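For reference, chains read A, B, C, D, E and F in written order, and residue numbers begin at 1 within each chain.
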Amino acid sequence: MAYKVIHYINQFFANIGGEEMAHVTPEIREGAVGPGLGINKAFKGEAEIVCTVICGDSYFNENTEAATKEILELIKPYEADAFIAGPAFNAGRYGTACGTIAKAVQETMHIPAVTGMYIENPGVDMFKKELYIVETSNAAVGMRKALPKMSALTLKLMSNEADLDPTIDGYIPRGIRKNYFAELTGAERAVDMLVKKLNDESYTTEYPMPVFDRIEPGKAIKDLSKAKIALVTSGGIVPKDNPDRIESSSASKYGTYNIESVLNLTGDNYETAHGGYDPVYANDEPDRVVPLDVLRDLEKEGVIGSIHPYFYSTVGNGTAVKSSKEFSLEIAEKLRQDGVDAVILTST
Amino acid sequence: MVKGIESTGIPVAHICTIVPISKTVGANRIVPAVAIPHPLGDPKLVEEEEYKLRRKIVNNALKALTTEIDDQTVFQ
Amino acid sequence: MSVFENKKYILIGDRDGVPGESLKAVVETIAGSEVIFAATECFV
Amino acid sequence: MITVVSNNPLVKKHRSDIEYLNNKDYLDVLIRTRDLIHQNYHLVTHPLSSNFLADQTCYKTVVLKQESSFDLKSLEIIERAIIMVKNSLLTRDQRIFEEAILRDLQFVDYEIIKNTL
Amino acid sequence: MDLENQKRIKDLTEKHGAENIIVVFGAAEGELSGLAAETVTVGDPTYAGCLTDVSLGLGVYHAVEPEFKSACDPNVFDEQVGMMEMVLDVDDLINETSVIRNEHSQFNK
Amino acid sequence: MKLEIGNIIIKDVKFGIETKVDNQMLFINRDEIEALVLKDDRIKGVSIELARPGDSTRITPVKDVIEPRVKVSGNGAIFPGVISKVDTVGSGRTHVLKGAAIVTCGKIVGFQEGIIDMSGPGADYTPFSNLQNVCLVIEPIEGLKQYEYEHAARMAGLKVADYVGQVAKDLEPDEVEVFETKAIQEQVKAYPELPKVGYIYMLQTQGLLHDTYVYGVDAKQIIPTIMYPTEIMDGAIISGNCVSACDKNTTYHHQNNPIIKYLYARHGKDFNFTGVIITNENVYLADKERSSNMTAKLSEYFGFDGVIISQEGFGNPDTDLIMNCKKIEAANIKTVIVTDEYAGRDGLSQSLADADVKADAVVTGGNANEVIVLPPMAKIIGTDAYINKVAGGFDGSLRSDGSIEVEIQAITGSTNELGFNKLTTKSI
């Protein structure tokens, strides 16, 4: 019997419409729609798309939690063997949606999930560890090449073929280090590599050093005494009793708090939501995490122009700071609109 | 977070306890803090001393924000 | 008689290649041709 | 003037003026070390001295020196060491908690560090 | 291919009959010409437009293909296409387009 | 310096009335070997056991593996400065019982792993499963201190290797290989058009159980120095390292350093292999700085265009490795580094304790944390105390069918950082 597969696409590929229809709510259609037709062809009868879930990109991204839940409910009755989302190419919100829903399906339904994206799609960084993301070109012209790869990988995953290799199966490496026996000994490989390096020929390192994710530094502020400075923290400082219920680790949201009339953060009114460290010191004196007291004094002394009337707070543990990218863009946009000149971001 | 904000062009001074992590998340202006439970303070110090310490770190951050840089820089 | 004569033509030009207008001018030299649609796409 | 952070009773026995973390684990020593580095202490010995991670030992002694400036290299080393040791705790071999083995592990940790003391 | 154009081609084909229509492309790259040709023969390979899974089977040519070129007035052709013919990868365009035509065009080959 | 290595191929090992080689068969007189080991009054007992490729045998805990050799001509003798007087080796002729090894077993401190399975899946991970092994299971006298025990076990292995090697002295080798490196000036002139290549050989030197000896000197006390490759091939470096089974270099590894072997193989064709710099891996950061400064300076001084840097062990030596790499690259010398990884059982953790973008050419010997199931073996060669512990399955590694589930770091030589094996790692 052929495997049953569920396919997720956005409103565009379902032929509902472009940006103007991105608000549509999740719907389910029997059988394959749009790219699913190509996936079915590539399955060559070994598997079949039993239904297609369609959701508008805006709707999904603005109601991630609700949309995920709705979709999971919709597809549950189909008892599928695998889930395919996209491909999303370089569409950022479509990529995020594909990644989010594929991950949720994988975790709650315990079936393999595959999606496809262009390497620079923000969804890649967010989900490549958890998901098999087939690398595609940056636009729909790559559909012809993407679908057979996604189909083949899905078939492999469903049949539990263990040996997957990103260079063969076309997915973006997930960063799992796996042993295997090479053709040559390490010493032979080392000497080969050295010869290539000496001759300026290309070679492939067997362990790429972790690279720093970089962005151009913002321009320095010219006149501090006129600058509007905002405070942002991943140390989880929130008003007492955590009104926004910011989670204690790797939070999925952030809080915006007015500090216009606040001179310093005291333990009476503020606390930390951060669960990653001993909270006593931060609860006693929240200025130890968000230095409002010092900044107010500097404002009074005219060293800085002004303090942005809101501070933004979330909880990030260590490297998880990275995954807060989605809402950091939102915060960034607000700061930009409000004419903030510089940001002091504190992390624990 | 740092990258997200700085992608709009607003300079960010990242006061953090774990400099290597700050580097890996792509911060450009890095200001080392005191320690994890209290990045901008030290409960062992008396109040005024602690304020001074905090002020020193904030001043470092301000110095970072007014310094033109091309590459990741740690401001001590 | 070649396959090209007395046909209706749909012309999809390319801004970076041969534009629709040029295609039209060329096709109109074919006997009995009729251009029913001509466009210049910006292929991406 | 050096500062010794250790949870090894054998080290404590040979040198009394150390920061002795009684009944604490390998990782606690590293975290205390990290906190000291944030206060301008520099590492004198590598925190992963010996080829035992926390899966194979529970003792650790680190020697530091207080200086007037912050040392980034020390911080980078301790942060990476903490990641590795945290990871190795997940697969800790319970044989290390046997009395005779504990004594051996104290001995190895002490031997490697003793010239600094 | 542009979604609007897909719709127009579909309507025009219904109106005039596939056997009466020839589609000529001016695409700058072989792959794009091939994709467009595929769209109006077997269906939209990007699965985005209304020609998804619709097989029109139209006759397809790229402007620089010799068959098409020879059917036109050489002076006009030179004037309108000659310039681009020199800069484009003609072999690639011919190859990609003719493969689709030979395999998937039902009419006017 | 010119060294001839004469290999006498050994295809089987048996006990016999005389220690000798006959028709590729090595005979061992058990009593003689036993007597030799027991001359050391720190050793109470020793049992001599044989392990052949394909046997259902597990050897553990392995301390060292040594190749039996004899010096036929030229300066010095086997293991100079340790069991023979200090003389510079690396020239003349040395005979090797190729295919045989002396394996020492003993629980020095704690529990040490170090498993050699002679058959089954574990055998694929250790090069020593292919050898005819003469194993010495050493039992110390009551109350012997760890240092003394380690020393006694180390000496026993070397002495037996020397003793067994003697039988090769007058034999006609099956094959003779010749290796030559000239003094630096001449060597450079020999291939003026080829890039000059060196080898930075990092030695484990952290202290008790983590030691390496060069001409008998504890290498933690050296500052990096230059050597002819043939000196190392001729036994100038021996292992005193009892920990980190998977990535320690046994004496056998030092005697048969594969990087030296393959550098010689392409010497005169792709490059001019001009010398080896040995350096150490101490626990003091100041030592690390000093030693890496020295390797970079010597590399520059000898005009290397490229070097291979190999590591021993993991954790703090990662810092030495990266320091060496960074500083040598900073001297505009191209580097390739050879290491192994501790990426966790799931392969998702940070692999090394240090990193730098300059290290852009890395060869890895595998992820030491990867788990393997070793089936039960009919025979166990090793100390009883240790076996009982494994059998007790303290960490739940013993399964009901008698197989054990361990990380490959328990297997001797599995992720060797001299590139001895084919095992490696990729990102999936």
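By our rule, contacts are C-beta pairs under 8 Å (C-beta built on N, C-alpha and C of every residue); 3 or more make two chains touch, one makes a residue touch a chain.
Quantities reported herein were computed from a predicted structural model and do not represent experimental measurements.
Using mean Cα coordinates as chain centres, the one most removed from chain B is C. Across A-E and C-E, the chain pair carrying more C-beta contacts is C-E.
Distance from the centre of chain D peaks at C, each centre being the average of the chain's Cα atoms. Distances from each chain's CA mean to the overall CA mean are smallest for chain A. A straight line joining the Cα centres of chain D and chain E is 72 Å long.
In whole angstrom, the spacing between the mean C-alpha positions of chain E and chain F is 68.
Centroid to centroid, with C-alpha atoms defining each point, chain A and chain F lie 45 Å apart.
Work out the mean CA point of chain B and of chain C, and you get 63 Å between them.
Counting only residues that touch two or more partner chains, chain D has 76, 80.
In chain F, the residues touching two or more other chains are 350, 352, 355.
Contacts with at least two other chains are made by residues 32 of chain E.
Within the complex formed with chain E, the chain C residues making contact are 2-5, 7-14, 16-20, 22-23, 25-27, 29-30, 36-37, 39-41, 43. Across the complex, chain F meets chain A through its residues 124, 195, 197, 258-259, 261-263, 265-266, 270-271, 305-308, 310, 334, 336, 338-339, 341, 343, 346-348, 350-352, 355-357, 359-367, 370, 408, 416-428. For chain E in complex with chain C, the touching residues are 1-2, 5, 8-9, 12, 16, 20-29, 32, 36, 40, 58-59, 63-64, 67-68, 71-73, 76-77, 79-81, 84, 88, 108-109.
Against chain F, in their complex, chain D makes its touches with residues 42-53, 56-57, 73-74, 76-77, 80-81, 83-84, 87-88, 90-96, 98, 101, 104-105, 107-108, 111-113, 116.
Residues 1-18, 21-29, 33, 36-41, 43, 50-51, 54-55, 57-58, 61-62, 65-72 of chain B touch chain A in their complex.
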